[in-house]
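Each of the next two complexes has chain A plus one more chain, namely chain B in the first and chain C in the second.
For the complex of A and B:
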């Protein structure tokens, strides 16, 4: 029978917490930057010129049909040969933003397309500028419609971010790798780490549900 | 000595795709069986079974695939089995696929109008016949598009088996990169092969989804 030994994991728990904190910061930063990319690309895809639409479509299809692991290898090992050298954490953030941007664009686009044309026409009739219409008439209700998909995409992003440990960024999974090579208690380390990821995804789901109740209180009229 | 990235290296990477395809096929077949069991457990009348299957899905959807791979990989050691990346990857991906397909298919079973179940019960069909002839065939039609969509996710997921040392497409890319030191070409090639595998499936899933939503919109 195998003797479980959690003592070294408990002794170095602060390292794991530090890793978890970086995972959370990395995911949140990637989500915010990725959302900007998504909104710009979704706008370009729905109302941009044809060449822009083609480039955006190519970007989405390439990212969605290749593994994140290969994307991060490409960014971390491939880009330096083009003269762009990034730190592991920088490359991790860039890869996550690029990855989230592709999925986010499709989500935001679906939200924009759910806005009825009459609403935009009403905005024009009220004399709003093109940017004002996009911000208040299209974007705000669109974000509400896609809020559930966006939040589950964020959870997925946070789980995917564990892959950045392979280029030795300082996230939770990498903290686990360091700890397991120091203690050889591999199974115990990864059980704890897995539970920490589970706790983070449950925690974020609860936070998002609370935000949903607060931010989208105004009634829907259809 | 640094080897140049040539035709031979390209072919070695292309050949490694067979292991990616084999691993995807095994995980998809195993996940199909497991997913059906999970989906049936999710909609059954026995409460503990429903809760257990829900917990299984939540755990696998709430933790990274990479950690699932590590746990199976090191867990095999604890059970006294020899560590074998090939088997560990196959088991972890099968469990992963079971959870995701189970959740997808539960949604499809729920999407079959409740009148169908009531009518078949009224006709005197018992559980097996009701599922086999009435509910599952209708759920299967709804399930095709999202299932193909998940297959793309699964193929991409097999790349993580590279981290536990199974030599599939991504790992072979790493090995070639270590010898040739031309990461731009190597990982560009690897990405292109994944794209060739996944893109047709993505298009197929998209097309079926559009067709299905047009057919049900009336």
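For the complex of A and C:
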């Protein structure tokens, strides 16, 4: 039998925690920034001018039809030749935001299109401003409709972030690979980081469920 | 209660995974390889000129030639399995390959996990950087960014000599580390003389060697406890050195005869 020996992994557990902490920070930042990108692009795609729609469509098609690995290589190794040099963690964040933005845009666009035209007209009739209509009449119910797909995309983003170790960002997967290469206890390390990713996914799911209850329960509370 | 049920399922799933990979890391014998008729040899295909994919998309290079010669010696077919730097030892341990001819540097740490043959190849490792970067001793690495391939011998060598405030960036392979040097993401990289030769071909005159860190001999690796197989491999290496076949392969791929520190090493 393969001899499981968790001692070296336990001894360097702080390294893994440090990696997990970066994964969490990276994911949270990418979720927030990615959500902003998605909302802006979804607005542009549904009611922006034609050139903006064209650019947004091109962005979505390029990102959704190329692998994340290629995108992150392009940002880290390609952009310096255009004069933009990012640290590994900065490049990782940018790549995650750009990647999530494309998927998030389509999800939110679907939500926006689920809002009937009559609702917007009712808002106009009540004398709401354009921004107020977008925020209260369109965005909030739209987000509520697509919230489940949005949160699973968020979880997917967190899991995708394990790829950023290829550009030497110090996330959990990188910490695991470093530890694995130092101790050769590969199974032990991968079992532990699998459990850590699982714990983070479940934790994020719980937070999303709480946000759901706080932000979107309004019609039921009456 | 749906969340707690999901959590329970997840825990069971993780337990199953742990169970699935606790297979025996069995010793390998010459007999079982001969009766199978094929020897599965793990080699890297991203480590030119030791391991590459050739024009017809087949594994080729120094390691491939040695692997084929070894299979011929054993009188069996060769099946080459591509592996990468970080996963090559797990491939061997998990019975997915019989042997590694994967430019695996012989180190004490690795020898705890696998058994090594006598050296069949060797490389020297150094720190390389742009010609105008001034580094002449390990202390000069202070404050510099140095790219290395994670889990490689050069990773260990650079980590050992670099001062605390040197930033070591670990990439998945040499190709990424070299790319980081060429695109200016790191100032220096720790690589072998072999890779340095290719950098010189790609960008003549831009980079040179700053420090030599070590000479490293590489061995063919087998699973722990495969003494009889190891003996056969050692006999093969001794014979190939004697007959000049190994030197011929070295000439073909590296343009020089087998280095003395490989030939003379025990």
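Here are a few things to note about the model shown:
Operating definition for what follows: the second predicted complex is superposed on the first by the 219 of 222 C-alpha atoms of A that agree within 3 Å, B and C clash if a C-alpha of one lies under 4 Å from a C-alpha of the other, contacts with A are read in each partner's own complex, and residues count from 1 in each chain.
Here, a residue touches a chain if its C-beta (ideal position, glycine included) is under 8 Å from a C-beta of that chain, and two chains touch if they have at least 3 such contacts.
Computed from a prediction, not measured in an experiment: that's the story for all the values here.
On the superposed chain A, the two partners chain B and chain C do not both fit; they clash.
When both complexes are overlaid on chain A, the residue A:184 reaches chain C alone and has no touch with chain B. In the superposed model, A:207 makes contact with neither chain B nor chain C. In the overlay built on the shared chain, the residue A:126 is in contact with neither chain B nor chain C. When the two structures are aligned on the shared chain, A:174 is found in touch with chain C, with no touch to chain B. With both structures placed on the common chain, the touch criterion links A:77 to chain B and to chain C. By the touch criterion stated above, A:58 is placed in contact with neither chain B nor chain C. Within the superposed three-chain model, A:7 lies out of touch with both chain B and chain C [touch as defined at top]. Of the two partner chains placed by superposition, only chain C is touched by A:85; chain B is not.
Among 22-30, 40-48, 76-84 or 148-156, the region of chain B with C-alpha atoms clashing against chain C is 76-84.
Annotation: chain A residues 2, 77-78, 80-81, 165-166, 186-187, 191, 194, 198, 202 touch chain B in one complex and chain C in the other.
Across the complex, chain C meets chain A through its residues 3, 6-7, 10, 14, 17-18, 21-25, 86-87, 89-90, 93, 109-110, 112-113, 147, 150-151, 155, 169-172, 176, 179-180, 183-185. For chain A in complex with chain B, the residues that touch the partner chain are 2, 61-62, 64-71, 73-74, 77-78, 80-82, 155, 159-160, 162-163, 165-166, 173, 186-187, 190-191, 193-194, 197-198, 201-202. Per the touch definition, chain A reaches chain C in the complex via residues 1-2, 4, 76-78, 80-81, 85, 88, 165-168, 174, 177-178, 180-181, 184, 186-187, 191, 194-195, 198, 202, 205-206, 209.
Across the interface of their complex, chain A is touched by residues 59, 62-68, 70-71, 74-75, 77-80, 152, 156-157, 159-160, 162-163, 170, 173-174, 177, 182-184, 187-188, 190-191, 194-195, 198-199, 202 of chain B.
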